[in-house]
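You will see two complexes here that share subunit A, one where it goes with subunit B and one where it goes with subunit C.
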Partner chain A sequence: MTNHWIDIRNSDCILIMGSNAAENHPISFKWVTEAMKRGAKLISVDPRFTRSSSKADIYASLRSGTDIAFLGGMIKYILQNNKYFKEYVANYTNACFIVADSYDFHDGLFSGYDPATHKYDKSKWAFVKNEKGIPKKDPTLQHPRCVFQLLKKHYSRYDLETVSSITGTPKEDLLKVYEAYSATGQKGKAGTIMYAMGWTQHTVGVQNIRTMAIIQLLLGNIGVAGGGVNALRGESNVQGSTDHCILFHILPGYLKTPKASQSTLAPYNKKYTPKTNDPLSANWWGNYPKYSVSLLKSFWGDRATPANDFGYSWLPKLDDGKTYTWLDLFDAMYRGEFTGFFAWGQNPAASGANSNKTRKALTRLDWMVNVNIFPNETGWFWKGPGMNPKEIKTEVFFLPCAVSVEKEGSITNSGRWMQWRYKAAEPPGDARADGDIMIDLFKKIRWFYKKDIKQGKKAVFPEPILNLKWGYTTRGRYDPHKVAKEINGYFQKDVTVKGKHFKKGDLVPSFAYLQADGSTSSGNWLYCNSYTNKGNMAARRKREKSGIGLNLEWAWCWPVNRRILYNRASVDMYGNPWDKEHPVIKWDPTAKGGKGGWVGDVPDGGWPPMLKPDGTLNPKTKYPFIMKPEGHGRIFGPGRADGPFPEHYEPLECPVEKNLLSSQLVNPVIPKYSTDMDIYRTCDPRYPIVATTYRVSEHWQTGVMTRWQPWLLEAQPQLFVEMSQELAQMKGIKNGEKVIVESARGQLKAVALVTRRFRPFKVQGNVIHQVGLPWHYGWVYPKDGGDSANLLTPSTGDPNTRIPETKAFMVNIRKI
Partner chain B sequence: MKLTRRQFIKITGASAAGVMALGLGIDLKPIRSHAQTLKIRYAKETTSICCYCAVGCGVIVHTGKAGAGKVINIEGDPDHPINEGALCAKGAALSQLVNNENRVTTPLYRAPYSTRWQKVSWDWALWQIALRVKKSRDASFTARNAKGQVVNRTNGIAHVGSAALDNEECWLIQAMMRALGLVYIEHQARI
Partner chain C sequence: MSGKAFFIDTTLCIGCRGCQIACKQWNQLPATKTKNVGSYQNPQDLSFYTYKLIRFQEHLGPDGKPVWYFFPDQCRHCVEPPCKETADEMVPGGIIIDSQTGAVLYTDKLKKANAKDIIEACPFNIPRAQKGTGYLAKCTMCFERVYNGLLPACVKTCPTGAMNFGDRDKMVELAKARFQEAKAKYPNATLTGIEDLRVFYLLADKPEKYYTFAKAEPMPKAMDRKMAMRKIGRSLKELAREWQAINKLVS
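Entry: the complex of A and B
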């Protein structure tokens, strides 16, 4: 989230689309309700009439996988009816940038497409630069090649008729949503979006979010209270686990995983340190080497020196151009590439797309380690349906771990708040905290390498294993405080930075003090400032008494306790808030002894406002979007794999033969896999019904942490498939009957739940039905509770992230 | 008066509909609050954050007086600015996650082609895992790729998880896996 949960109350219009906050993030809805009490409008857009919809002022249905068409129509409406926030758009976004002639768009394809490799040459989507190397701008937004005019042209095709025919949303509902939401383009008004996996789990997932980000920039809703682009994240610490980058492509703090072509630290740092010639651009990633070197110092401690490139060579390197995502991982496992596998606090046999492939892949391992609280479909896979244990070689180690209240540490919520948890009880029996398991296991692995060396054997590349800093224990037990301090970072020697003196061993007060010469360490620059000489900031518990709900002294928030990102866009060019009732920051010329300073939230940098009181440019200022080298919010986004503007494409499995907007039916750069278990069927009469997955309030994810609780299981005991009365009648299915749901990849038994919450869609003149299934169930427990809905979902995904397309695929249903 | 939980739901559901007299005919409220006071009167309070979705609701965990005892109650933290004491169905069932007879409390091992688990000690399990990690790593370690570029990676082991870990554990696990040379490192955030 750019903003945070409590801030939702400051909104004037809340769009819940691609999520179902009332059921899946129930307590967040408290703040939606608070906003509504103030007069805010709530809009719910969902294929199904959810509990969020039931509280909404406006509900619009849409067919799964057509969000870009829906929102593209909103962009057209905003531009056509002059609903955009002109001052904001002209000054803070790249709408005024001139785009090179090499950029073009024709019939669903952007320029630079190579049909042989299914990839784009993104250099075609560049900005025109002046003699100083700064992007050329037209503040009047009239230049035919400026982003604003290209945007207008791109979405001119998204008229109501076409959009309605694609999405199945009645035209009057489209208009109601467009009108209500675009009203937040007025100065002082804020609109917010609450989205979740309903937007990410698509072959156009990133562009779904990009479309909304464009709308938010057009309406001046980024940086302001009650605005932002807000992902409702699904696990208690998925924000933290992403920040610390348990992901193939990034290192802690969103630094890049090194590639094979970057043989030493210098070319690596050079590649990822963006440059700008514009003195008004903060270009924050220009600090990249300070963060990467500080991370290497945290990994290897004193063993990382300038002479050995700070141990850069000890980090594994990826092959250039190859991806190692979840889908790639299980594809490689299925093809027998791994002997060993860790499933630590996760249940991939039920959670990933095309679970039958995942389950089969597990049989091709030599060994697997499964760390969890309860029996689950992954650790127990060899006993599962269709498996014969006597033919499965995989050795399985199951390690029982503590639950959250049996250990100490921090987690980061969706609003980026890092909150400390204390240990309340001991784990039962021999169960152990995960941290203790990690510490002990790595020590034992290290022992084997030390033994090799002692015995004079040639140890295989032992340096990273021997040199990894691993002293995170107190009296032999894992100590989360020691790791939290490592993540924050230490000074490695006595130094003076920015006029302040620090001693070796001092905790670094914030990332502004990190250095690229090895004099500082920081396990994650974004968390630098979270555990300082002042103490453990995540453990703070002082509530805000008045104000806009920032709660600056409750816990801690990255970066540097800033509660609303890009907050320098919440003020006008003189530093006065657009919304005087909900000021995020404000320039106070009398602060700091008359030098002037910001009051309110921690600003996105302390630079003064864009203009001086006399209306001339302040040369000391910086543009508000500090993470982009151009300093402007990106309406034109040249960095994505599938184009600088979002374009509607159908899901890989879809019910239509034609895309009404172009002759490209699906995203042209879609990833596909090619084993015998990767089957995709589109417009196949055997699978005529659109399906999606979702969650219920009483269960969580694959259900491993909810299916075993008697109260929760009693409330939601088994898998169901929800369908409209019309579809049920057509299929002769009655509410409560057992049915079979099948896709090209698998089948499930489920109870039919016949409701009015799904209604048939009118798409391209035809009636299209959609059904939905929760994905919380698994064969291990309860008996006859059903299995994972992911047995049906396809192993394809977004071309940027490869998040699987589990929200739109094709199935059939029949009575048993 | 003894009630099963299902009867209780039925009755309180009925009372919400304004036909309380048809249920118990008495007001349950004083009895319930008295019972709760008793339950936690001598308990130790520890603050925590709910482990389900990422709203980050505060909870109070009540344990036996010494603090080393069993968890006897978990409820919403009224001082927490996000949830102000409220919890959803999952958060309200947190104590059943902790006190649950189905939790596995000892390491288990399943041998190749075996039809059953066997209980093992931590020491044995971790030494055996360490041995296999070393064997797989050493056998699959690749110093240079097909193009001859230095890659120093372990191709034969993959790792997933977890968004259910604390921040400090997340940092540790990625450091450990990267030190072992793994490149296939993924978790919930990707799906």
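Entry: the complex of A and C
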């Protein structure tokens, strides 16, 4: 989230699309309800009428996988009807930038496409720069090659007729949504988007979010209270685990994982430290080397020295051009490319797309360690459906672990709030906290390396293990405070920074003090400021009495306790809030003894407003979008794998032979896998029905935590498949009877839930049906609960992230 | 009229069932074996082990779009409860009214009463008997929590403010105010229970769109109040039975 949960209450229009907040984030509805009591409009856009839709002022249905068409139509509407926030767009976004002549878009393809490699040459999408190397701008937005005009041209094709024919959304519903949401383009009004996996799990996942980001920038909704682009994370700490690099391509704090070709620190740092020639651009990532060196110091302490590149050579490197995402890992496992696997706090046999492939892949391992709180489909895969334990060589070790309330530590919620939690009970039996399991694991691994060396054996690449700084225990047990302090970072020697003197061993007060010379450490620069000499900031518990809900002294929020990102875009050029009722920050010229300063939230940098009171440019100012080298919100986004503007493509498995917007049916840079179990079927008469997967309030993820909970199981006992009355009638299916749902990859038995809440779509003149299933069930427990809906889903995904496309694929259903 | 009351604003209810689960947790009630019968609602009905249940109803709205109603069903804690009236005739002290909260509470003595009569006396079809023992159970208003300054478990857990609890007059006030607001958005909005119950529902539509027993029939004026309540309880149940029988014949 750019904003945070409580901030939803400040919104004037809430769009729930690509999520189902009432069911999957019920607590968020506390704030949705508060906003509605203030008069905010709630819009629900979903293929199926959900518990969220039941509370909405406007409900519009759309066929799964057509969100870009739906939102592209909204961009056209906003531009055509002058609903955009002109002052904001002209000053804070890159709408005024001039794009190079090498950028072009024709019939679904952007310039730079190489059909042989299925990749784009992104250098074709550059901005034109002036003689100083600063992007050329046209503040009038009239230049035919400026972003604004190119945007207009790109979405001119997304007319109501075409959009309705693609999405299956009636035209009058499209208009209702467009009208209500674009009303937040008025100065002082804010619209917010609550999205989740309904947007990300597509072959156009990233571009779904990009489309909304463009809308939010056009309407001036970024940086303001009640606005933003808000991902409702699917797990309580998924934000924290992402910040601390659960994904392969990043190190903690979104630093980049080095590539094999970046053999030393200097070229690595150079590659990822963006440059700007614009004195008004803060270009925050220009600090990259301070953060990367501080991370290396955190890993290897005194062993990391300038002479050995701070241990850079000990970091694992990625093969150039290769991806190591979830889909890639299980593909490699299936092909026998590796033989050992830790399934820690996860249940891939039920959670991964194309679960039959995943389950088969597990049989190719020599060993697997499964750390979990209950028996699950992964640890027990060897006796699952279709498996013969005698034929399976994989040796499985199950380690029971503590649940969240049986250990101390922090979680970071969707709003980026790092909140400290305490231990309420001892874990039962042999179950242990994850931290304790890791401590013992590492101790043993290091012991093996040392033993080999002692015995004169050749230890392979022992330096990263032997040199690792490892001071995370107290009396032999994992100590979460020591880890939290390490994440924040220490001064490594006595040093004076910014006129302040620090002693070796002092906690670094914020990332502004981190250094690239090895004098500081930080396990995650984004969290520097979370555990300082003043104490554990995440444990703070002071509620705000009045104001807009920032709660600056409740827990802690990255970065540097800033509750609303890009908040310097919430004010006009003089530093006055657009929205007087809900000011995020405000420039107070009398503050700091007349020097002036910001009041309110922690500002995105303390620089003064863009203009002086006399209307002239303040040379000390910086643009508000400090994380981009140009300092402007990116309407034109030249960094993505699949184009600088989002374009509608059909899902890899779709019910139509034609894309009405171009002759490019699917995303041209889509990742596909090629084993015998990667089967994709589009427009196949055997699989004529669109399907999607989702969650319900009563269960969580693959259900490992909830299926074993009798009260929750009582409320949602069995896998079901929701379908319209029309489809049920056509197939002769009665409500409540068991049916078979099958895709090209697998089949399932599910209870038919025939409902008015699903309606057939009219797409390209034809009637298209859609069904949906929750993915919470698995064969281990309960016996009659059903299996994972991911047995049906395809192993393809977004070209940027490779998140699987589990929200739009093709199936058939039939009576048993 | 003093004591406590619930105000349940279904226009804010998102059907998350936090209340249903919290009720089971606080009262340490076991889960019952359920099946999906083609609905989100489960268990299908209240039972000796289920005091609170969200009932789900789908309809088509006037604009041709679906509406989905959620009805958190529970004991209404009648100010003059017909179940107590019936029990008093058989086992005095079987059903008591807590003097401070107004909670209608079933005691162990009730075992000696004819459970069927008690159940039939209820105009809202709430009490349920334990198989074999004859004990009766239903919502207790979490009176032991209330006595300790806590909200009932279902109210405490509600994320949206659909479940409210407090002094009865304050709840009446709140209910009336919310009813006035809701009428603008929902022309058929209905407010139930503020005259004679301790559970008031604000419904976005006519009560029958939610659930057969969402509301008892209005009482004929001439008839004795208590008798009327009991009669209505019976006649509604009979009506429901007939309706079910007809449905069976039709299908």
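Following the convention adopted for this analysis, the second predicted complex is superposed on the first by the 816 of 816 C-alpha atoms of A that agree within 3 Å, B and C clash if a C-alpha of one lies under 4 Å from a C-alpha of the other, contacts with A are read in each partner's own complex, and residues count from 1 in each chain.
One rule holds in what follows: contacts are C-beta pairs under 8 Å (C-beta built on N, C-alpha and C of every residue); 3 or more make two chains touch, one makes a residue touch a chain.
Since the structure is predicted, the reported quantities are computational estimates derived from the model, not experimental observations.
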- Figure out whether A:442 sits in contact with subunit B (first) or subunit C (second), or with both, or with neither. first
- Query: Which of the two, subunit B or subunit C, is in touch with more residues of subunit A?
  - Reply: B
- Pick one for A:720: touches subunit B only (first), subunit C only (second), both, or neither. second
- Query: Looking at the overlay, what does A:757 touch: subunit B (first), subunit C (second), both, or neither?
  - Reply: second
- May I ask you to decide whether A:314 touches subunit B, subunit C, both, or neither, giving the answer as first, second, both or neither? first
- Task: Applying the touch criterion given at the start, work out whether A:53 contacts subunit B, subunit C, both or neither, answering first, second, both or neither.
- Result: second
- Query: Can you list the residues of subunit A that touch subunit B in one structure and subunit C in the other?
  - Reply: 26-27, 30, 697-698, 710-712, 714-715
- What does subunit B use to touch subunit A in their complex? 5-6, 44, 46-58, 61, 63, 67-71, 74, 79, 81-84, 86-94, 96-98, 100, 102-115, 117, 122, 125-141, 143, 145, 147, 149-191
- Note on the structure: Listed in rising order, subunit C residues that touch subunit A in their complex are 12, 14-18, 20-21, 24-25, 30-40, 42-43, 58-60, 65-70, 159-161
- Query: In their shared complex, at which residues does subunit A touch subunit C?
  - Reply: 22-23, 26-27, 29-30, 33, 49, 51-55, 59, 696-698, 710-720, 735-737, 751-757, 784
